[in-house]
Structures are given as structure tokens and as C-alpha cells.
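What follows is a single structure, and I will ask about it in a moment.
Per-chain numbering from 1; labels A, B, C and D assigned in written order.
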Amino acid sequence: MASTGTGEDGPEVPDDDGASAAAAFREFMASSGASDAAASLADPNSAWLSSEDLADVRRRLPILYVEAVPVRLDGMGVVTQVGILLRANERGAITRTLVSGRVMFGETLRDALFRHLEKDLGPMAFPQLPPSPVPFSVAEYFPIPGLSAYLDERQHAVSLAYVVPVTGTCDPRQDALELTWMSPAEASSPAVHAEMEGGRGTLLRAALASVGVLG
Amino acid sequence: MASTGTGEDGPEVPDDDGASAAAAFREFMASSGASDAAASLADPNSAWLSSEDLADVRRRLPILYVEAVPVRLDGMGVVTQVGILLRANERGAITRTLVSGRVMFGETLRDALFRHLEKDLGPMAFPQLPPSPVPFSVAEYFPIPGLSAYLDERQHAVSLAYVVPVTGTCDPRQDALELTWMSPAEASSPAVHAEMEGGRGTLLRAALASVGVLG
Amino acid sequence: MASTGTGEDGPEVPDDDGASAAAAFREFMASSGASDAAASLADPNSAWLSSEDLADVRRRLPILYVEAVPVRLDGMGVVTQVGILLRANERGAITRTLVSGRVMFGETLRDALFRHLEKDLGPMAFPQLPPSPVPFSVAEYFPIPGLSAYLDERQHAVSLAYVVPVTGTCDPRQDALELTWMSPAEASSPAVHAEMEGGRGTLLRAALASVGVLG
Amino acid sequence: MASTGTGEDGPEVPDDDGASAAAAFREFMASSGASDAAASLADPNSAWLSSEDLADVRRRLPILYVEAVPVRLDGMGVVTQVGILLRANERGAITRTLVSGRVMFGETLRDALFRHLEKDLGPMAFPQLPPSPVPFSVAEYFPIPGLSAYLDERQHAVSLAYVVPVTGTCDPRQDALELTWMSPAEASSPAVHAEMEGGRGTLLRAALASVGVLG
């Protein structure tokens, strides 16, 4: 069975350029020590998971993700281009995917969204996070097929998905090989649908439908 | 500081009357043993958390919740009544709250929503789950105030919230003392807003606005 | 060019079984005579348009429509079937379409939606109008192609589209020949997409995406 | 009874700086003459309504409007300020209102939204039209109270309402006296709610709820 991973897999090391809300959160917790549960956050290490701990918790809890479909808009707000990532998965196969990643402890959805957009598109993408926190779709990934349209071998993940206009220059980093800009018609095609990993062809179509450009 | 808990707190014992999807999920995993991560699910105990484990994981990960605002509709689909729970919290204070609870490993959002509606409203409430899986709002609960409108001393919880019409008889169980049916105007009032625990007055207003009856 | 009409075309004669809100509205206007503009409504005839007047106004104003995609739900709210109308258009060709019709003066969107559902599906369909008045999509029909995905030779129409669960027996009336129930997968197919009149294949896909069942 | 008008009332003269899509539309119609209904558009005058014609049609058809709540966002997409118009109505009273206006024949919703934003906020406001054409709410205005939360003495109007971030400088024109920027908390207050004309306090609250900042 092909791997259908949703992004980062190693031990959790917060990026320098992200997670600032989570950092502020831990600082506040350290100084306040308000409640018992919160007090443990005084130790910054406790909030991040080792590889082993993450593997363990993935067998016991649904993991919260955010996903983003980067788009270009014309002057009237119409989506003219859709950004799809090309990525080599763990077995070396090339698949298409979306911007995606985990929400960390103490991190707001917006901060997580921004952090993963920066991680996957580079620091000059200038994403315009939407004013509404309501996702266009919620994708439920299960490690076995048939429970939903989405599959992730590693875990049960629930992903809040957003369409995010970007106005700058995208320069994919980390494990993303390339960002491909497509017309909405091309992104609506069966060919692209079939190449998306983990069932994200369905999520991509829902994104296109939500902004009125599904072919 | 008053407790602002989001529901169940003891060790996780799946209800007889719920979690059937999760049970089927574990069974399937046991018989297939497909991937390493999934294989551990063969042991049903591994998927549920002890009190200690739950407390531990709550300091390390955002926990996924669903919440529901039960409503009565007239024949044209207009919301005529809104159901609010009265509950005694751990310190004996009476607060108002919504139907709410955790999504378990291997459980779909719909199954979790149905299970918590049954737990809080009884087996004869006959909730009509909405065809769309997109929530009207996403509430982010943090253990410290100021990061969002929502507060939960015990954890960082992210809650997908739905308006759910119920057509049967509600008979609150467990720790809920009573279900109060209110008109949308009464539910919109500052008095009710102030009595809702954990900032759910804001969530209730968003629910009313989403169905066009916020006063 | 094939006709792509959005439903009724003759002089406006309110149905016996509908438009009750509009009727009440005219009655109220007749007895109150509050403002000048409203006073003219005292004459019930003034609120309805002759064929000539309707043709005239269609060249001068966008006309407001509602559309509905009837669906069957399972016990968990998941869409299991989608209802598509088969209709002979003015030139005798058979096309597929959705429940659709004009909003009349003084009529609420809910009343219009209910009236057209009853007109197209019969009085025993028992549609469950959604609690939220926000459509899943807004379709803009223009008499010339290229301005949007939707085409209506007769007029500029703006249509608010809803997914509506029906629980009863559907018995299409008037010019609808038949209601076909399809699985979401079948309704997602290119074949059905191509058979829908006026571009409604796109609207149907947006409907399926909005309830999480687009293939 | 106080006037509760939704904007422009004189004869329809398309602005120099707007309605370009409608103009292109009329031009196309003139040169193609495709269908009978469309052919009449060859005469540009036929598409616009005189004062008398507009008054007449307002007694016979619901009129389609768009409305906008201008907002300022911070770098993470959170709404930090909400723009409310101060306007003198026909009787000289000062009321608060939203950006609002009619959709013209042949005009897309986006073009109408952009035209009215420019009309009410000036040419340097730089509104960022949302990628999704789905409104956060649909407001139904009737000339008599009680049918909905919204009132417009002159007509039955159905208004599609959007939250629109603006990034430039706002310089209200025409009959708007002033644009007031408020915090979301201030905009949520009962005082502002009571000052909004035609029931738009309810629409404003729905806007704030849709972007997660209703107090």
C-alpha cells in the first residue's frame, strides 16, 4: 500500500520562524501557573512530543490538522490559479498534495495555518489568511480505507481545510519538490484528482466548488 | 477561578449505546493488521485512555471536540426553540452549557456528534444530523484566557460546532440536570450569554446567527 | 442554441397550494396601506405580472430564483441519494434539471423554496427546509455564455441554491416527467454533468461537495 | 415611520467608474442579437430604468441587492476594525448603515459589490473581494414589519451580504457622511445595533459572528 502521509514525521522541533503564539503561550503558562493542568506547561519540553510519544499518541487520539489550498486571485476576487505541491513520499514516489500540518499544543488554528504555509511555500508567499475561521471542508483521515474519502496510514487525523490567497513569491521548502500553479479547469480534471495523495483530490474539488470555480 | 470543563472527565469507557463505528474500526484493525501503526489497534484497550494517560496527553496535544446546539424547527425550517443544558460543575455551581464531548480514536465526527447528543439528551431525542459536515463555527478553547473567546482550564480543545434539529423527547442524562428550551430571542439575551460556561455564550450567538435568528 | 429555461414561463398565476405568505402579505398591505409604495399592493392583481410584463421586466432586471437539490439521508445525516428531474424543454428535448423557480413579490425565500419543491415533487415529498437561510452556492444565469458557468436564454437570473432532504414520496407534477434518484457517485459523473441544462452540472457538483459526497 | 431606505433612489445612471461588465454585456448583446429576449438589450437605454419604471417594478418583484461590511484585518486575517457608514436619510435623520446597492441587469454580483464599495468608500479603498461568492447571510427586506428582521419601506429587497476586507483609504462619497471604524466589541454593542437602519444591526452581528469576532 502506498504511503499517504500528511506531512512532517520526525520529532517535533518548532520552526524558528513559526509557532510564536505557542511560545508565548508556554511563557505565559510558566509565569502564571494558574491551574494544575496548565502548570505543567511551565516546562517547555513537556509540550512537544518525541518521535516515540507522537507515534504512541497517534494510536490513541485523532490528531488535529490544518490544510490549505493556495490560490491566486484576480482584481475582482476570482480564483485564477490553484497551487498544488509535488512531493516525494517516503517510498520515493512522486505525488501531489496540499499544504498541510499538525496543530500544536497552545497554537491557534491561524498560527498553525500560517506556520505550515510558510514551511511549504517559503517566507515570501504572503498568504492572506481568511477572516472567517470556518473551514470550507473538514477532512477525516483514517488509517484504513472505506470509513471516509480520506486515507492516512499513520493515523486518524481530522483536518480543517481553507482556501488561502497568496500574493507573493512561492519557494517551496523542506520535502516539497515544487509548487505547480494550475488553472481551476486543470485542477478540476480527473488526472489531477487521481494524482493527489490520501484522497485529497476530493478535498481539492470541494475547495474549487467553495469558491465557485469547479469545472 | 470557576471550572469551565467541557464535559466528561473520568477514565474513558465507551458507552454501550455509542461508539459503534469506533468498535467496528477496532475490529477491522484487529483482523487486517495492515500497517504497523494500525496493528496496535488490535488490542481494544490501547485505543482508550486511562485517566492518567488522558491527563498527560491533554498537556501535549490539542484535543478534538464536537459541540451541538439542539433546536426545534417549525414546518418551514425556521428555528423556534433552542435547547440549553443546565449542569452542576465540579464545584457545585450551576452553569449553562451545550452538548459537547470528545471525538475518540477511529470515530467519525458524525458518530461522535450522535453519541454525545444521545448521552446528553437521551435515546429518544431523535437528532437530525445535518447533511453538511462543515461546522457553523470552530471554537478554540485554551487553558488560559485571552488567546480566544473560549476557556477550558483542563486543556487546549478545538471544537467543531453544529446546530442540530431534534424531533423527539429530550431526557438529559448523566451530569446534566436539565435541558431548557428557550426562544431564539431569550437565547440571544445578555443574561443567558453571561451564564454560559467557558465562553459558550459567544458560540451560542454564532449558532443563532448562522440560522438567521440572532436577536 | 438549445433552450435552457429555468422553469415556468406563462403568465403568473399563483398556485392554490402555495404563495400563502405572499397572499397574507397582500392582505396585510390592503388593510394597512402604510406607505405609498406598499399601498398599491392593496390590489392583488398589481403584484403579479402578465406574460408581457414579465417578458419586459426580464430585459431590465436580474430575476431572483431559488433552486433545490432534493436528497435522501441515512440515519446519521449522510446523503445517500440525490434527486434529479427529467424534463422536456420547449423544443421537446429531454434534459436534466433541478427544482427551481422564481421568488415572487412579498414571498419569503423559504416560502418560495417550499412552493417550488411542492410544485416539482408533489405534496407528499415532505421537504425538510434547512435551518440556515445561507445557500450552498449562488448561481448567476446570463442570457449569453461566458459571463459565468450558467446560461438562461430568457433572462439574467440569480439563484440561491439549497440542498433539501426529503422524507416522503415524490410525485413530480407539471412539466417534470420524472424524478430520478441517483447515488452521489452517479450524480458526480461526467455523463450526468453533461446532461444538466443551463450549466447546472456545476451547481450539482457544488451541492455534492457542500455535503461532503462529491466523488 | 422613519425612512429605512437601502441606498440610491433616483433614476438609474450608471457610474462612470463602475458597471463596466454591464456595459460590455450590453455591447455584446447589441452585436450578437442572439435571442429575442437578449436582442432588446441592443438599445442601451432599455436596460436601465427611469424613476417611474423603477418605482413600478418595485411593487411587482423582489429586487436583488448586495451589501458589504468593510473590515480591516491584522496580519493573521483577524478582523480588527469594522466600517459603519453614517448617513442622513431622506428626512434628515442620521442613521448608521452598511455599504449597499442594487444589482443591475447584466451585472455580476462581484461587479455590483465592487461598484457599490467604490461608490460608498471612494476609489482608494482597495476592497479585497472574497474568493467565495457565497454570502455570510441573506437579508430579506419587506416594506412591512414582522415578516423578517429587515425592513425597507420602498420595496421587497433580497440582499446578499459579504464581509469585505479593505486595505486602502476610505473616502465616503455621495450621500454617506462618514465612515466610522469601530472595534468588533463596539460594533457588537446594543447601542450600535439600535442605530442601524432597516434592521441591519442584526445583519452586522451576523457578519461579526461569521468572522468569529462577535462579542
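To be clear about the criterion, a residue touches a chain if its C-beta (ideal position, glycine included) is under 8 Å from a C-beta of that chain, and two chains touch if they have at least 3 such contacts.
Just so you know, these numbers come straight off a predicted model, no measurement behind them.
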_Counting C-beta pairs in contact, which chain pair has more, B-D or A-D?_
A-D
*Determine whether chain C and chain D, two copies of the same sequence, contact each other through the same residue numbers or different ones, counting it as same when over half of the numbers at the interface appear on both sides.*
same
_I'd like the Å distance between the centres of chain A and chain D, where a centre is the mean of that chain's Cα atoms._
36
*Approximate Å spacing (C-alpha centroids) for the pair chain C, chain D*: 24
*asked:* Among all residues of chain B, which ones touch two or more of the remaining chains?
replied: 133-134, 136-137, 210, 212
*Could you draw the chains as nodes, link the ones that touch, and say if you get a line, ring, star, complete or other?*
complete
*If you look only at chain B, which of its residues touch chain D in the complex?*
137, 149, 202, 205-206, 209-210, 212, 214-215
_Residue ranges of chain B in contact with chain C within the complex_ = 71, 73, 76-79, 110-111, 114, 128-134, 136, 163, 165, 210-212
*Which part of chain C faces chain D closely enough to touch in the complex?*
1, 21, 25, 28-29, 32, 34-35, 37-38, 40-41, 46-49, 53, 55, 57-64, 103-109, 133-138, 140, 142-144, 147-148, 153-156, 158, 160
